[in-house]
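Here chain A shows up in two complexes: once beside chain B, once beside chain C.
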Partner chain A sequence: MILKRVIFNSLTGTWMVASLVIILILPLIIGVALYIKAIPLFDLQSLPQLIGSSNWSPTNGDFGFWPFIFSSLYVTILSFLFSAPVCLFAAIHLTQFASQRLIHLMHPVIDILAGIPSVIYGMWGIIVIVPFVGDVLAPALNIKTPGYSILAGGIVLAVMCIPYILNMLIETFKTVPLGLKEAALSLGATPWESVKHIIIKKSLPGIISSFGLGIAKAFGETLAVMMVVGNMVQLTFNPFEAGYPLPALIANNYGEMLSIPMYDSALMFAALTLLVVILIINLIFRYFIYKTQKQ
Partner chain B sequence: MKKLKFVYVLMAIVIISSCVSKKQKEKTLNFSGAFALYPMVIKWAEEYKKEHEEVRFNISAGGAGKGMADALAGTVDLGLFSREIAKEEKDKGVWWVGLCKDAVLPTISANNPYLKILKERGLTKEEFTAIFIDGSITNWGEVLNVGESKGIQVYTRSDACGAAGTWAKYLGGKQEDLNGIGIHGDPALAEAVGKDPTGIAFNNTIYIYDIKTGKKRLGIEVIPIDLNSNGTIDPEENFYDTFDAILKAIAEGGYPSPPARELYFVAKGKPEKQATLDFIRWVLTYGQKFIKEAGYVPITQDKIDHYLKKLK
Partner chain C sequence: MKKRKIVEEIIFRILTGIASYSLIVILCLIIIIIFIKGFNALSLDMIIKTPKGGYYYGGEGGVLNAIVGSLYIAFGATLIAILIGMPAALYINVHLVRYRRTQNTIRYFIDALWGIPSIVYGAFGFTLMLFLGMSASLLAGIITVALLITPIVIRTFDEVLSTIPKGLHEASLALGSTRAEMAFKVMFKQGFSGFITAVLLAFGRGIGDAASVLFTAGYTDLVPTNLDEPAATLPLAIFFQLGSPIPEVRERAYASAAILTIIILISSLTARFFSQKYSKSNLK
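And then the complex of A and B:
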């Protein structure tokens, strides 16, 4: 009996450690594998050239990733600008002012939004957002665009990120002790003042981390964006023009991998870039969280 | 003891189910690839199942490039492929058989304001090249000699696909040379160009014409190609009205190749699975009679014999 117990104890112990180790080294394994596959590309062009050049012509051996990185960042920032304020205000209202019934109603809605597959968001983007941008928004601003644009991608992404950011914000605001808010109110603060000075201040690290995760998710989202963003290799600040984010590059050209030399390395490099950028985003937000927690 | 019994039962279930699934795996055929060939393979699968009930099919469309990549990676039994097989792909040990033919046609919206003029004069290969590749023609007035004119909105495919590859080859380029907004998938491209009165694109025949009525799908029109570059569409160049007419033109060579092209099954080396070989043999023999009905053009008997030899 004792022996059995010793065996089981050691087994459960090692299992747990092993699972943890696997999870910890997983990003490293992925990164190293992508790097090894991308090595042939580095012989062709230097790293600054790969990232900084905007000359994309795979058959001629020109791989400049800047238009793709730029498009990715642009779409992501747009989606963040659309979704962050909406989520913040909605979360404050839900946790501070809304009735219990509304909260009970909201939770399934958020879950459903989060559970919708991205291809459905993409279809919805083609049916609703693309015509909205092309036929309503653009003519109002006197611009001509068919609607497949960075802006459409940003809007679709924003809608996709809302459930994630909103859910996390609600959880964050819920952790603020009720006593703090009551103390503020009893000192004569208005409800808005108590939200501004107590709730937001207290949960700032949580707000930053939910925004960070939202951005990281938006940066990597592929299918829905690909369906509405227009997929044109170009550098433009005009949100009504088409863009070509990194994940779309990988997904679209997966099939070209074998017919053009070096293309497989190029796509692996694109994937590696995506991974690194998401890592950097996470690190930046980690730093912010660390800073705000210290205060 | 009870627990032990449970474990035995569980093990038995796992073992039995693994046997079943292995047998099932032998009888399941997986396909992925070209949108152009997708409706044809669906048709073949339906007919084949009537005779061979035990065979199961998984068919998905994702562009010819995906078909090739999946086939070479071994994740599907056969890839559907719709452009010329590149040298790099042959070097990787691709095995293929041709099945039937179809074509890529230049398309515009039925609401295009210059539809009538376009149908009368068509566009030459040089004009298509200027629009799709050089970008030297950017509005309809430049090419049609009409006063006020609207800009041309070029659409292309974003996914690695046979239609874009074949159309680019006709114009003397590669898929990456084609300008325009990239749309994922053939049905979505047809939808996008149909909705934009100034748009121009290219589609596979099967996504332009409705197989039941034989007419063009609602909202989409074909630009006739001015083959002899004399500035008008002569009666022998005008075969775009019905599905049958264009299929006849492809079969007789009236419509040039490319953009007409052969469609293939591809695999990494000759398939070893018996079910796969049986299905290919059936397609090249009995299956040929469904080709016309499904809206494609049969290949010549010489070619079929050649491909049948590859199965042995």
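And then the complex of A and C:
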């Protein structure tokens, strides 16, 4: 009887440790696997050349990733500009001003928004945002565009990132001690002043971290962006032109990557870049969050 | 001076209010448009037939291949994710309960893992697949999606387990139970509704993810019957068929979107129900 219990204990113990170890070394395995696949590309061109060059023609063996990285950054920053104010204001409203009824209603709303898959956002973007950009916004500004553009990508991406950032902001605001706010109110500050001077100031590291993590998420988002962004290799500052973000490059060309030499290395290098950038951003900002939560 | 304060107060109250109500508007806009388009296209044929004459060019038939493929992949992946995630979460909360630093470091890394985009998992799954000499198949898709959703299972389950009072640990250990008995008979039972929430969340994420199965599961008009056959999935059915020049094929994409959204809504609302039930009924 005791032997059975001891054996059960050590068996499940091993099972638990093994699963935990598998998960914890997973990013390392992913990184190494992608790196091994990308080695041939490093032999061909140096890292600064790969990132900085804008010469992209895989059939000639030219792999310059700058247009894709630029597109990714552009779409990400655009989406951040759209989503950040909405998230900040909504989080303030939901933690400071809103009625209990609205909060109860908003929980499932945020949950569902966060749960809707990327491809549904993409389809919604094609049905709503692309025609809006192409047929309403562009003519009003006297610009000709089919609608599949960096701007459309930014808008869809912003909508996708809102629930993600909002959840983290709400968590951050909740950690501010109530006493601080009450002290401000009792000294005669209006509720908004207490938000402005106490809540925001106190949770600034948390706000920055939430935004940072939101940017990381936007940077790696694939299908929703890819469906509305137009996918043309070019360098342009005009948001009404088409872009070609890094994740879209990987997703679009998986079919051809084995038929052109070095192409698979190039795509795996793109994936490796995404992994490294996003993992580093995540590690930095999550560290901030843990630090602030400890206090 | 006083007046300026009041005006500022009112302006920002209105602005923040608009921001949070706009979320409800956005959600309604998305759901309504997906459902209007989807239910116009949805019919019995859509659900019980596979596409006729190719998924891209043929107008007849439905999306049965994608529905079945998606369910296979999501169920398979969730099963693997449970097998890895459940014991890992228990380990953090049972064996490591006295080592707060280690606990927090592990949570920190798993949180960071959660942030890795699915396209990277897809690319990794593809390399793994080539390395093992497999071709795009149901099995490859299941493994890739499982890796993607395991961190979700761990962290969601772990969140609930960590709220279980320490007295319960001590009581079960004092009664002479082994760590394993404490983990499965006490902690798992106490955190069961949290476990269901975790599983449902992971399932919802797994069934909706497209970038990870794009490389690994392939796409086919047939319903898969074996683990080494390629499988169609709902997200990819939407993605591929939306790009078709034929209106009937695009209808199939809209129908797939409605079906996928319904599945996600059900799993997300059930998850919410269970997590609320937990907060009401459990020991505090």
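One rule holds in what follows: the second predicted complex is superposed on the first by the 253 of 295 C-alpha atoms of A that agree within 3 Å, B and C clash if a C-alpha of one lies under 4 Å from a C-alpha of the other, contacts with A are read in each partner's own complex, and residues count from 1 in each chain.
In the analysis below, a contact is a pair of C-beta atoms (placed from the backbone, for glycine too) under 8 Å apart; a residue touches a chain by one contact, two chains touch by 3 or more.
Only a predicted model underlies this, so the values are computations on that prediction, with no experimental measurement involved.
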| item | value |
| --- | --- |
| Of chain B and chain C, the chain that contacts the larger number of chain A residues | C |
| Partner chain in contact with A:253 - chain B first, chain C second, else both or neither | first |
| Touching partner for A:261 - first (chain B), second (chain C), both, neither | first |
| Which of chain B and chain C A:230 touches, first, second, both or neither | first |
| Touching partner for A:58 - first (chain B), second (chain C), both, neither | first |
| First, second, both or neither for A:269, with chain B first and chain C second | neither |
| Partner chain in contact with A:148 - chain B first, chain C second, else both or neither | first |
| First, second, both or neither for A:173, with chain B first and chain C second | neither |
| Which superposed partner A:74 touches (first chain B, second chain C, both, neither) | neither |
| Set of chain A residues, in rising order, touched by both chain B and chain C | 126, 227, 251, 254 |
| Chain A contact footprint on chain C (complex, rising order) | 5-6, 8-9, 12-13, 15-20, 22-24, 26-27, 29-31, 33-34, 37, 83-85, 87-88, 90-92, 94-95, 104, 106, 108-113, 115-124, 126-128, 131, 147, 150-151, 154, 178-181, 183-184, 201, 204-205, 207-211, 214-215, 235-236, 238-239, 242, 253-254, 257, 260-261, 264-265, 267-269, 271-272 |
| Footprint of chain C on chain A - complex, ascending | 5-6, 8-9, 11-13, 15-17, 19-20, 22-24, 26-27, 29-30, 33-34, 37, 85-90, 92-94, 96-98, 102, 105-113, 115-124, 126-128, 159, 162-163, 166, 190-193, 195, 213, 216-217, 219-223, 227, 247, 250-251, 254, 267-268, 271, 274-275, 278-279, 281-283, 286-287, 290 |
| Contact footprint of chain B on chain A as seen in their complex | 56-59, 126, 131, 144, 146, 148, 226-227, 230-232, 242, 244, 248, 251-261 |
| Of all residues in chain B, those that touch chain A in their complex | 62-69, 72, 86, 88-89, 92, 151, 153, 155, 158-161, 174-176, 180-184, 188, 191-192, 195-196, 199 |
